[in-house]
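Next, two complexes with chain A in common: one pairs it with chain B, the other with chain C.
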Partner chain A sequence: MGTGPRDQVHGGVGQLIGELVHLTVTGILVASLLALGAVGLSLTFGVARFANVAHPDFMMLGAYATFAFNALVGVPFWWAALLGIGAALLVGVPVARLAYDKLPVTGTVQLLVISIGVSFILRHAVLFAFGSSLLQFSVPLQRPYVWGPVRLTPYQLLTLAVAAVLVLAVHLLLSRTKLGRVLRAIADNAVLTEIAGADVGRARLAMWFIAVLLAATGGVLFGLNLVIQPNMGWDLVIPIFSAAIVGGIGNPYGAMGGALVIGLAQEWSTLLIPASYKEAIAFGAMALCLMFRPRGLWGGA
Partner chain B sequence: MTLNRRQFLATGLAGGTAALVGGRLAHAQSEALRIGVLTPLTGGGAVYGTTMSRMYTLLADEINKAGGIAGKPIQLFTEDAQTNPDAGVRGARKLVDVNKVHAIVGTWSSAVTLAVAPVAVQARIPHFCVSSSPAISTFKDDDFLYRTAYSQAVISSVYATTAQKLGYKTAALLILNNPYGIGLGDSFPARFEKAGGKVTGKVIYNPNQSSYRSEIQQALAGKPDVILFGGYTPDGIQVFKEWFQLGLGGTWMGPGFAFDQKFVQGIGAQAAEGIIVVEGAPNLTSSAYKNANKLFSAAHKDEADFFAAMAYDHLMILALAALAAKGDTAGDALKANIRKVSNPPGKVVGSWADAAGPVNAGEKVNYEGASSAVDFDENGDAKTDFGVYRIKSGKWALDRVIKYTEVSAS
Partner chain C sequence: MTDYLIALATIIGIQVLLTLGLTLHYGITGLVNFGHVAFYALGAYASALLTLAGVPFMVAMGAGVVLAVAASLLVGTATLRLREDYFAILTLGFSELLRLLLLNVRDLTRGALGIPGIPRPWRAVSGVPDHVAYLGLVLAAVAIAFVLSEILARSPLGRTLRAIRDDDQAAMALGKDVLRFRLTALGWGAALAAVAGSLWAHYVTYVVPDQFTPEITFYTWMAMIIGGPGSMRGAVWGTAVLFVVLEGTRFAKDVMPGLDAPRLAALRQIVIGLGLIVLTVYLRKLGGRTRPRVAPAHVRT
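Our next item is the complex of A and B:
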């Protein structure tokens, strides 16, 4: 009786390579969804200096707002996605500003606890409004394009493209614009940056805008590929934090690489060990990274 | 308008179905048979609970119209078990303490049944459920707990028999990482190999992942004739959405509670087409089923399914037991007569009209139920047949019936 994953490689080397390609494609697909969460999380950690546990819930917010426009109001999916991301920004940015920037607390631990509270409030507001059942956008299921062992539906290709474009846009913003320079400067030394005359408040507003925009877009793409449920943000907390930490938390570039490491590690691992452990692999990768490269794979000394 | 004393009394006592016989109630010296209906009207079991509640009402009306039990009516008291053990126990306490019911029927989820059972045992009243946990067989119930559904303990054999009958030689498993899924994964391979089959792989998945593509690929890697799915509706929707979008093909088999109407709506009729569903089957050829189906389809324009059939049997057996006890509705009297009216030997009966006469005359009857023969073993379990359905255009279409005798043979 073949129960080990090894026994399931039936067709020799050819099939093994096919499976490896399939797993790689799947890993990149998972990574592109994680990256949209992890890049924003890392950015906010770098600038605001705390771990925002509610960050993945901004993904949920984007997905539910899109669902409301798409399935309840009847707006076609593409317009609903734009409106939904807009609505998530209208809710998410003020919530983040109020909870994290305006309250008279500054400590990392205090902000972490506040973010747990924000996560609960967002999740339960959605539970109250939409119920706990799983929901889906009203878009038809698609058949994949098949190129050898690579099988991707048009929506999955779109997911890869959108993730790549947004991550590139964040890169350009951080490296080529004045706002990017200010954000990087705050991440290095917030006090000095303020003394130097930069508008830290405006930069933080821009940071929350970018973070929620990326997360909400990621949430819509997640819903397009799978399903929407109130716990979707909570379920993503561990993989997204793992990706951000592997990449060196506070480092948005590292978060992209971190997402790729987590996505590929978890999918490739299924060749050797049962798939039910693949999420543990993501966590194991994070632990290994913390042991040998405490500042992340791309972290400086 | 003024009421005289008798009218006042009748109005006060009668409610729901009892209103029909309120005048008679006011005269009655002894008690009506009070039944607590504790079905899930909300939550995961809502679809089944609603069907069952409708059937209880229909049959109670029919028996009451035919004169009731020794001149006394059946009264139904309904509480929503909400597919939730806490709500189930609250409902059961209210039925027992306030309504003073003589029996509880209709608990659906195993968790609710096992939570409610101690309440019924303590009150010494019979409790009929439709749950499938093996723990219900071994529960120390002092013979007050009965089930008309199959036990999960036999389901692996049912899948093995079904696969064999459909001519499948190889099978893989894709199962959820919880006691139900793992249990299926532990028991199915031995049964299937005994039936001459070969298991090509077993893949365990966790719920709420960002992707199931690698799990699906692995399950299909050995090109099995059939893949057994051991999960529930919510994770099923996610897995099958990804499966369809991979376009890898394959034939799936699984339980009715995973491939229900919500599942089909969730992934669409096109993706669900051809999935094999194994579920308890009504006792289609019995006169009890024919009567149950006639009642149900006249009122609700739909066929009586397995759950409606089980509800019909619960109430019929309790009514016949009360009649055999000469109208004594005490829990112990009902318990003493349940097997006398439902198990062999005796004249085979299937409807109230057939059965009431002989039972009144003191004759031993053997009620053959709408859901199965309802011959209860020492654990209070009945043995049901199984239906093998295929999803066609979004609906279950019966392919064949697997008799319980065929299951134990393999």
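Our next item is the complex of A and C:
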């Protein structure tokens, strides 16, 4: 997120506090976008047991499908978003099923290399179709609401709300439903779960559905607040993996907290170092976490 | 046409050095290095900056090698204890971080402007054209690297590295210092990549961070997979096949008129992605660590 207009508070300390509040709000916004990617990534890492580098590209799919309906076909944004997320699911879920579940490979390294291939294909298919320029949804500009030093546009409020609702929904799904129980069981021990008679194939289909749904929605919200380009998924690989790893990979709840840590750390860091090093902050957090707290800041499984 | 073939051979030769390095990393030792391009970039930039400061070519190249090996040992010490997929993500992140630094430390690297005017060594060998002499230099480097790599792979050190790749716990039980051996392999491979980077910089006489994207890493992976990981001869012909095919796709516009250059480039990347997937499935021995995980999730099994 770019730094918006500064708050009107004058003087040293007041200005610093205003700045800090502004960065915190931006950080929480970034975190809600990262969380939509990181929760799905963490879920698939726990259940399918490999690092899906193509996961952030599902965000790009959602954003570009929405752009196509919205700016090219001319569908109003809200309908375009729904259609776009649907289209991303129609492409993303079969691709994930085919590439990660159906191929006769099982090794983590093999699946990792395959996910690099999937990422190449998705990114460049979009590049082929839409070109490499920065694109924007056609949505009306909106005035921000101002509460003291806090300024939020309705789109930003919507982003926070949608992220919160979806993350809560995933929480309820994992903790309250049979599917959630099966997914958690597979993450613990896939072989035993299968022996116990659970339909692992169907659970994995549902898992990819959830992962792509969250990511595509995150991508649409990303496009609503910023501009989109074919590399957006690739550029999000490090921040999203950082959020998932800081939160304890394989632990979708942790990923929400991890996203918050990364989002805030990235924004707060701009007080001290140039903004172009934001990505380095995410990488540093991930590296430190893997070295000293490899199970994530919150430990546990 | 002859000039074109000489240029192609020079580029393939430089790329073979990269593939030989990755073969030492992954093919022999089983290190999932997704950040190979970082060592290439360090070799290129160090060599470029030093020769422009008046240091002789060979010394500058040596400095690049030292720098890349030091970086590889630093990265390796911090991350080699981790599971292989974490190592993969961290090395990928490291290479992106380095590119970010090259883009932003403008006082040293001129950022996105790049460094032009890097001198070629021995500009005038009597009677021999510049580019032919340079091809000779590259081929000499490839020959030396090939022989050294073969010797290393066949030596007791190579046997230990392969033993670590196949079962690191057994190697550990036999009293081998697994981390030290892995670092040795990482350092040798990084050295080869740095030589390649230096040769690249002085060949194209211009370096810019955009030349050092992760795509270089994955081209190298693909070349290694084509030739069969673990074989030095395979590294050579795998690289040659990949680059001849890639060059061949440049002529695709004769078959598919009406496609502009960016679209053709995107198509090439899609082919690369498909190739990675197909070859990974076809060569199942790639990273076939499929035995059940017994250690805790964050420890390398």
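The working rule: the second predicted complex is superposed on the first by the 290 of 301 C-alpha atoms of A that agree within 3 Å, B and C clash if a C-alpha of one lies under 4 Å from a C-alpha of the other, contacts with A are read in each partner's own complex, and residues count from 1 in each chain.
By definition in this document, contacts are C-beta pairs under 8 Å (C-beta built on N, C-alpha and C of every residue); 3 or more make two chains touch, one makes a residue touch a chain.
In this text the structure is predicted, and so the values were computed from the model without any measurement.
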Practice task
Pick one for A:L112: touches chain B only (first), chain C only (second), both, or neither.
Solution key: second
Exercise for the section: Considering only the touch criterion stated at the top, classify A:R143 as touching first (chain B), second (chain C), both, or neither. Expected result: first
Practice task
Once the structures are superposed on A, label A:P274 by its partner contacts, choosing first (chain B), second (chain C), both or neither.
Solution key: both
Problem - Touched partner set for A:L29, first chain B, second chain C, both or neither - result: first
Practice task
Using the superposition on A, tell me which residues of chain A are in contact with chain B and, in the other complex, with chain C.
Solution key: 274, 276, 279
Completion exercise
The answer for chain C against chain A in the complex is residues 32, 34, 78-79, 82, 84-86, 88-90, 92-94, 96-97, 100-101, 103-104, 218, 221, 225, 262-263, 266-267, 269-270, 272-277, 280-281, 284, 286-290, 292, 297-299
Completion exercise
Interface with chain B, chain A side, in the complex: residues 1-3, 5, 7-10, 15, 19, 22-23, 26, 29-30, 33-34, 134, 136, 140-144, 146, 151, 153, 156, 222, 225-227, 229, 231-232, 235-236, 239, 267, 270, 274-276, 278-279
Exercise for the section: Under the touch definition given earlier, write down the residues of chain B that touch chain A in their complex. Expected result: 177, 189, 193, 198-206, 208-211, 213-215, 217-218, 221-223, 234, 237-238, 241-242, 244-248, 266-268, 270-271
Exercise for the section: Enumerate the contact residues on chain A facing chain C in the complex. Expected result: 50-51, 53, 99, 103-110, 112-114, 116-121, 123-125, 127-128, 131-132, 191, 237-238, 241, 245, 250, 274, 276-277, 279-280, 283, 286-287, 290-291, 294-295, 301
